[in-house]
Amino acid sequence: MVIKPTRRHRNSHNQRRRVKPGTPPGTIAPDPNAQATKIRVMAYSPAAIHETDIQNVDQLKPLLQHWPVTWIDVTGLGTAQTIQELGQLFQLHPLAMEDVVNVHQRAKLETYTDHLFIVSRMCNPEDDVRTEQISLFLRQGVLLTFQERPGDCWNPVRERLRQARGRIRNSSVDYLAYTLMDAIVDSYFPMVDSLSDRLDQLDDEVTARADNSQMHRVHDLRGQLLALRRAIRPHREMINELTREDVALISPETRVFFRDCYDHVIQVIDLVDTYRELTADVRDFYMSSVSNRMNEIMKVLTIIATIFMPLSFIAGVYGMNFNPNIPWNMPELNLPFGYPLALLAMVATALAFLWYFKRKGWIFTN
Amino acid sequence: MVIKPTRRHRNSHNQRRRVKPGTPPGTIAPDPNAQATKIRVMAYSPAAIHETDIQNVDQLKPLLQHWPVTWIDVTGLGTAQTIQELGQLFQLHPLAMEDVVNVHQRAKLETYTDHLFIVSRMCNPEDDVRTEQISLFLRQGVLLTFQERPGDCWNPVRERLRQARGRIRNSSVDYLAYTLMDAIVDSYFPMVDSLSDRLDQLDDEVTARADNSQMHRVHDLRGQLLALRRAIRPHREMINELTREDVALISPETRVFFRDCYDHVIQVIDLVDTYRELTADVRDFYMSSVSNRMNEIMKVLTIIATIFMPLSFIAGVYGMNFNPNIPWNMPELNLPFGYPLALLAMVATALAFLWYFKRKGWIFTN
Amino acid sequence: MVIKPTRRHRNSHNQRRRVKPGTPPGTIAPDPNAQATKIRVMAYSPAAIHETDIQNVDQLKPLLQHWPVTWIDVTGLGTAQTIQELGQLFQLHPLAMEDVVNVHQRAKLETYTDHLFIVSRMCNPEDDVRTEQISLFLRQGVLLTFQERPGDCWNPVRERLRQARGRIRNSSVDYLAYTLMDAIVDSYFPMVDSLSDRLDQLDDEVTARADNSQMHRVHDLRGQLLALRRAIRPHREMINELTREDVALISPETRVFFRDCYDHVIQVIDLVDTYRELTADVRDFYMSSVSNRMNEIMKVLTIIATIFMPLSFIAGVYGMNFNPNIPWNMPELNLPFGYPLALLAMVATALAFLWYFKRKGWIFTN
Amino acid sequence: MVIKPTRRHRNSHNQRRRVKPGTPPGTIAPDPNAQATKIRVMAYSPAAIHETDIQNVDQLKPLLQHWPVTWIDVTGLGTAQTIQELGQLFQLHPLAMEDVVNVHQRAKLETYTDHLFIVSRMCNPEDDVRTEQISLFLRQGVLLTFQERPGDCWNPVRERLRQARGRIRNSSVDYLAYTLMDAIVDSYFPMVDSLSDRLDQLDDEVTARADNSQMHRVHDLRGQLLALRRAIRPHREMINELTREDVALISPETRVFFRDCYDHVIQVIDLVDTYRELTADVRDFYMSSVSNRMNEIMKVLTIIATIFMPLSFIAGVYGMNFNPNIPWNMPELNLPFGYPLALLAMVATALAFLWYFKRKGWIFTN
Amino acid sequence: MVIKPTRRHRNSHNQRRRVKPGTPPGTIAPDPNAQATKIRVMAYSPAAIHETDIQNVDQLKPLLQHWPVTWIDVTGLGTAQTIQELGQLFQLHPLAMEDVVNVHQRAKLETYTDHLFIVSRMCNPEDDVRTEQISLFLRQGVLLTFQERPGDCWNPVRERLRQARGRIRNSSVDYLAYTLMDAIVDSYFPMVDSLSDRLDQLDDEVTARADNSQMHRVHDLRGQLLALRRAIRPHREMINELTREDVALISPETRVFFRDCYDHVIQVIDLVDTYRELTADVRDFYMSSVSNRMNEIMKVLTIIATIFMPLSFIAGVYGMNFNPNIPWNMPELNLPFGYPLALLAMVATALAFLWYFKRKGWIFTN
């Protein structure tokens, strides 16, 4: 198993603000590395659907007048002018437009007189820790979405629109907004499942045998779960606000669907919190396994040292060169059976220690 | 004692969503492994009871008209068509029907204009960690329950219905709903008791002698308690909502009973939280026992090494082969009583170290 | 000091429910081991007091009519019939009666139209961890109390009643209820004091010298504090509800007294929480002492081994049997002063290591 | 640095209740060790001040009638009769009077119809952990304060009264109450500063070199911070209540001052909580330093043992006494250059191990 | 990398109160080390701007009458008289003026009848842990700011005023207040980014190789994050209060901007909390790496000792000097091939231990 580099998820904790301090609020200053802005429009009525890429913001006006629901899907935040023109066309608040291009926002809902501004964060299955900021503006008949990069979790929604499956083509724009938010929230489940699989495998491995790389992986998992928690947690309050009765742009029928979406957010948060607790448990288990291993190693060392040190000492005594001709000096050396007796003494000493260790429960136990 | 495999409870943290992302909301897509759907009906009045298995949803209509209370008990969520027909017959919300078959929901209450939708999770004594999702729809005169598998904790309720024990046959359908919820909540007690027994035994074993397998079991217990907490905790809010006065379908008399049920939920949560704290205490105790053991092992090693190393050194010195004929070279070897004096020096050294260890409190103390 | 067996307090976390699952709610099924029920009545007016043991519930009626305040003190929950008759006499709710005999309840207050039902838990000085459930029914002019066993903390109250000390005989029944609740809450103080004494002693012992039994006792104390916290904590909300203005049976004068009682509960909870934090501190301190001890042991081992291993090696070299007659073979053995020089080399080596250890700060420091 | 005895602060967690269980509420039973009660009166108007010690409660009446503001400062709680007479003179509630002499109360505010009862705890700079209970009764024109012992933090206030500095003499009695409360809250700052100094010094010492006494001091500091937190925390709610608009005895002008006092309480709590987190950090840092030390010791031991054990073994081999006259028996002993070659082999072995340790990074690194 | 001295950030936890206890409230007693007070005025209308340094508070009056918005920027809190005159000119509350010079306040908002008093704390990029207190008084048409030292984060704002960029010159004084508060909150981001960089580097280093200095740095980082959290956290409530509708001096348009500022505060708090959790993770990871290293060291020691101790013992046995002429005494020494057989026995012993270690998984594994 390849261990994920830890640097990626750490950076995800702090998408740096690029706004130069002191810039007047509401300035749209895209990240110089941001991708060029592309606009794709899906406009539909129960009977028909029109899908087109547009180059110029002015092309939008006829579409808006003709179709009951228009979804303007903006990808790439690099072209300041296009974004500014969109903001002016729909009379969006400059602070909201600034938040669109500063892709470090927490999920939030802001209510303006004639539109809602929703910031959310999407999980990208290909980038397992950085989440992508999605901004939505919901107005009567128009949904404007901004995403950082091409590639999102909305293709099934687009397919449903094209094939007129379910009630989506017959519903108004707030139902489309719900459908997209639901897809965003559901994009967390595959990520959480993948972390869960890695955690399960890690738990099995630690149970089988603790080794050094596991601690790296626990550390890594904890960092990723922390990043995920930071991304998903603000959605709770945001979607909860959307289910309140005083939000004018959300119809009562759609409100029921947002309540379901809220349940999913709670479920993701609950899973992420549970997994963070589980990683803590795995870490504690790992530490105790390491302690146990150390204990076992020390036991082997102690047993060997404790048996052989006295034996070596006895051997050492009879290796001394005291002059045997002087009385009292090492008479054992000339004893008949001196050598076998010495060996016997050694065996007895070793057996005594073994008996002591057995009584202590250090050996011959499981 | 067999150690439970840890994989089972870990999986229980995340019953995976099977809904393909992008599916329109309200689609009923049962798990392909789900059991075929069976319907059992108990319809009763104070005077009589009628119990039958039905094959066809149409058979329900005459029963509903005839009996004041009908309990439609659906087991197995594998037959999408039957479930869909039930939803249409009672005009249930598609999102609720979707939740019925996606058996990963947290406990919750949803209020619709003419019915309540309750999701709950039952503890199965035979499957000690996975909980089973139970969905209930409560309408005037009808209670519709969905469970994943045959086998539940409701047989005593059925028996009371048949024998007309207590007030159950004389009460309306909300009392039946209470009785079933009460049985579900009470199904947690045997599980909690069994975990408590295992925790007690573990505590006793750790107190007697810490060994490696105990840490596995603490780790396992903690995982199971976490899973149990996730299952029971959302019941608190759900049942609390049922005791509020503005729930039209619950009569004031039954509300008192739900308050009692609420007390039981609080009690289960309190026990689970207490046991999780206790497992943390046991784990800390285990770790300190391991540390103490290590200390003891190190003490033995140190005592032996510290005594025998100097002794071996003395023996080594007198085993050197310096030519004794050269003056100043090892005159001790030719001393009268040299050997006994050397042995005496050794004994004195050993005693000196023993005295030092005794003063340090390393030996001859408890 | 005798170490308390840990089994007792652990069991106290889970007084097992004896109700067979599926029993109709409100069934009075006393624990088969419960003591036989005895009823003692104290009825009083400002002028007189009448104290009697009664055998039959019917004997109560004349007393109730005659005396302004009657305290019916029921001890032992083993006689189902007597308890049932009391419930019927005072028209108590069956669920409340069921709670009376299932002695595993958390403290709570339940308000019925004409009576209050209070569940509380009393600390028994003779049983240092299990708390005893006390149930009180407060009606106009009547206080009904149920306790599990003979022996309680109410004898001083009885004495005050008999001797008409203080305002108790001149007050109505709610003041009697307060007096009893106050005695129950105050029964926690001696227990908390005793745990505090044990904690103080433990802290002193750990400070003096960490040994293995202390960890057992910390573990034990933590378990007891957890049990105590579980018992006292629900009293906070319960007594707080009693001080609210909308409780009809409590007069405004008595409400002031309940506020004082509430302060005592807060104080007990505060002490128990503080002691749990202190035990955690003691445990951490213990663990660090054990680590320090280990360090000291390892230092001794390392110093001895590091000094004597090189010395023994030198001695070993000069114990080799190379043929001294072959040139270049061990000429030192025939050197004049070879032996003293070898000894000097050994002393120098030892001093070098001692100097190294001193520089490292391992020896000759406190 | 003298290490403070730990017993003192531990006792401060539990000022034991001396009330005999069962005593009627409102009984004034002073601690037998309490000091005799002394009364000092400061009565003032904007124009004049009258300061006197009185012996008899009756002497108060003329003063109360003459002066617009009277501060009755009672020191020592040992004379039950005097305290009782004061309570009767001002018609104070018996429960409040009982709290005055039971000096174990948490800070609180109680509102009676014509007076406020405030309990607070003062930090005594001479007694660094036990706090002293201060009780205040605030009535129209009269402030009654009770303290346990002579010596308090109010001398600067008295001086300001005598010298008519600031607005104190021109303000009514609620401003005096604020001034005293402010002095009490500010009495915590020197204590917190002293603990902060000790913590800073400890942190520096641990950074320089971890030794065993530091852990004692961390443990001690944690206990003292816990005691301080218990004392100050209830002041938050108490003073917050004093700033509410519905407290009749506090004028709107003085309310602004109490808001400032509230800010100070928040600041003390914030500091105490921060220091408790810092002590935890210092403890973790200490533990890691100890672990690191152990690692270093083990490394030295391992290096020495690993180098000298093989060397001693080689020396031991050539010290064997196999009969060199038998062929194949230790021909090395008779080799020319056998001895230098053996020494060379030893040096090579030692170098090999040193190279291994260097590669492992155990030596020649910082 | 230079390790920051820990003393600096620790002191920042407790900016000591310099007010002598007992001083009447509202006394302006600047810190004797405070810098002399300088006043710089920027007065502007949409059409023009006037910037000047003034020496005398009286010079302000004509400016205030002439210009619609006047920003009086006071730097240095050392000249008590100037500050007092400013307070009198604008009729500011004495307690607020006292807070201005006691630079240890937590961020807060106080509402007076005709002005707001805001206390905030600014992050100084040159002083990486101490934050500087900024006090703002907002009145109709006048903004009065006090800072401790020259140097702040407001130069871009001044530049925007001079160049009339954005809407700042066309807006009223509340927008200026917002702009300054926004700059203060944004001053935390560079600090947080720098701590994040240090944390990332530390994480990488610990992952590569745990060494002793890292623990110092983790300890240091934790202290700085704690200090930062203390500084920023009270801003949440303060700015939240500014966004409420009942604050008269903030216009609805500016309120939207303060909501944006509130989002930034939440983001800083979220980052600081996340980093504190991450430092805890890094610390745990460090500790586990140290444990693993210890394990590895112990393994090497044990392997070497366990192999060579038995070998040395065998060599020691054959080095004994038992008289070979006595029968049974060491006949091996005279055996043909005795020496090679002994060597073979040694090799066999060593191989046996190596096999044992391999089976244990101690060697020849990753």
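Chains here go by letter, A, B, C, D and E, matching the order in which they are written, and residues are numbered from 1 within each.
The criterion applied here is as follows: a contact is a pair of C-beta atoms (placed from the backbone, for glycine too) under 8 Å apart; a residue touches a chain by one contact, two chains touch by 3 or more.
Keep in mind that this is a model prediction, so the values were computed, not measured.
Colleague: Just to be sure I understand the contacts, which chains border both subunit D and subunit B?
Modeller: Chains touching both subunit B and subunit D: C.
Colleague: For subunit C and subunit E, let me know how many angstrom lie between their CA-based centres, rounded off.
Modeller: 40
Colleague: Using Cα averages as centroids, what's the distance between subunit C and subunit D in whole Å?
Modeller: One centre to the other, that is 25 Å.
Colleague: Spell out, as numbers or ranges, the residues of subunit A touching 2 or more other chains.
Modeller: Residues 291, 294, 298, 301, 305, 309, 312, 316, 319-321, 330 of subunit A touch two or more partner chains.
Colleague: If every chain is a node and each touching pair gets an edge, what shape is that graph: line, ring, star, complete or other?
Modeller: ring
Colleague: What is the sequence of chains around the ring when one begins at subunit B and proceeds first to subunit C?
Modeller: Cyclic order starting at subunit B, direction subunit C: B, C, D, E, A.
Colleague: Under the stated contact criterion, what part of subunit E meets subunit D in this complex?
Modeller: 6-7, 10-11, 13-14, 16-17, 20-27, 93, 95, 99, 104-106, 108, 110, 209, 211-212, 215-216, 219, 222-223, 226, 230, 283, 286-287, 290-291, 293-294, 297-298, 300-301, 304-305, 308-309, 311-312, 315-316, 318-321, 324, 330, 332-340, 342-343
Colleague: Spell out the part of subunit C that touches subunit D in their complex, as residue ranges.
Modeller: Within the complex, subunit C touches subunit D at residues 153, 155-157, 159-160, 165-168, 179, 182-183, 186-187, 189-190, 192-193, 196, 199-200, 203-204, 207, 256-257, 259-260, 263, 266-267, 270-271, 274-275, 277-278, 281-282, 284-285, 288-289, 291-292, 294-295, 298-299, 301-302, 305-306, 309-310, 312-313, 316-317, 319-323, 326-330, 361-362, 365-366.
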